[in-house]
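This report concerns only the one structure given below.
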């Protein structure tokens, strides 16, 4: 029950981040609702397509998309307020990321994937919505740009669930909690301290080969 | 039979819109054929992936892609003429959108989805090709930009099929006709009167939270 | 055995092309690894989603993604060297393209698709990773731009496997070899001679219809 509520909070926060980008790009109401909805449920749909769950949960049931529309409408109406809420939004987003990563890995395990696959699916569940948001808004995904750690905590949380949930006899729900806490905490700590990954060493830029 | 012909017309019109964008972006022949084909069949492939129909109908059978290639070749050869045909193209496109929305919803119902899922799948069938076209051409999808109503009529048509086709005893084909007519008519009326959805109220732009 | 090794070489070369683009776009280490990994395995994942193979092979097994990460790390560290290796990279890439096109078509046949579907799936396997790479890097896919032949050889190789593997009694592995050699050779010859496809005839640009 708690996990479902937190998952819905994650969907709402992701949707709000998509709707905010839509507002900044001067989309109309429909565009804002669309990019909000796709950001909120995109990661879960990608997860389900990779696992062969059809139709995807977020398409089959009305609640997830309804949550994204409500969150997007709130952003549409009150978006100037969100500038002051930046800190709260970042915290909620970190929680949402952690929940998506671990629940994605847990659902993969339920579908008898390998531990490796569970980790990858969990990662893609956490970052898929944000990638879709940025591709639709015609921007290079934030995920690929030099920035605070985001995908690394997601991968860590998903891997904890994937490996420990597969190879230990401890119930999966225990690893869901551990993974979520670790991922969320690492994300928040990296924000506070401004941790970053290195960029490529300078030098003559390699020629871009066609592929 | 009539529905199949109209569906093929819809594929051709969507393909032509993709090929036209390719011409304007100075793609070569292959690029124009590719973006035309993906625009024509992209919505149907998305529909089938979401419903677990593999391989997707447009991949399995040769006719849909062949139609898109023929339409794209015609655009490639005669594209200056299409400027004069703008009105006809818009009308055909409205019909194609209506048909894709309702047939997508109908196919979803055949696969035992919820009424909600049928509506969403129908919407995505109608707009998927256009989104793919714009993402490939590195433009913000027209769907997200302030513009005449497009997705709203598609959603309305798909919802009529999804809800009435699931919860009434009237045969689905009846709702396919009603939904297509309503979606197409609403699209055309909105074009004539220039109806639009509101954009976000002005104000200090909300800060874009990472997600 | 040889085919698996060559396939892994193809994955590595594709991943390197993605990582090189990441370096040029100033992505951080994570971004470079991500775009490298998605370029290397994107075509195979698309193939598996279209064929209903879930989870996709590259998600389920650890080797493909590990190869992409190793290749991307090498590019990250030694990228200035790659400018001098341009010729070798182009040759390896042509081999990878040929292998992906034919193996994609062969796997489709194994899943009882039509000969037409096998050709399309082979083509998409060969070009899917590159399209994903360019979309994520916010560039128009190279595939759509006037350039040396790339997708045409891929389609030819995939079609040889798709048609001959379906309608003849000669074992499929024979057509895999023929198709790969033909696709790779045509690609290399077109590079040497600078063969290109025509662009649209000039004239007043057609108006871009909404779809």
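Chains: A, B and C, in written order; residue numbering restarts at 1 for each.
Note that in this section a residue touches a chain if its C-beta (ideal position, glycine included) is under 8 Å from a C-beta of that chain, and two chains touch if they have at least 3 such contacts.
Every value quoted in this text rests on a predicted model; they were computed, and no experiment measured them.
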Chain contact topology (line, ring, star, complete or other): complete
Rotational angle, Cα trace of subunit A fitted to subunit C, multiple of 5°: 120
Computed distance of Cα centres, subunit C from subunit B, in Å: 28
Shared-contact residues (touching 2 or more other chains) in subunit B: 49, 52, 135, 138, 147
Complex contacts: residues of subunit B adjacent to subunit A: 49-52, 108, 111, 113-114, 116-117, 120-121, 131, 135, 138-141, 143-147, 149, 151-152, 196-201, 203-211
Parts of subunit B lying in touch with subunit C, wherever the complex brings them together: 13-14, 16-18, 20-32, 34-35, 39, 45, 49, 52, 54-56, 59-62, 65, 75-77, 79-83, 86, 89-90, 93, 96-97, 129-130, 133, 135-138, 142, 147-148, 150
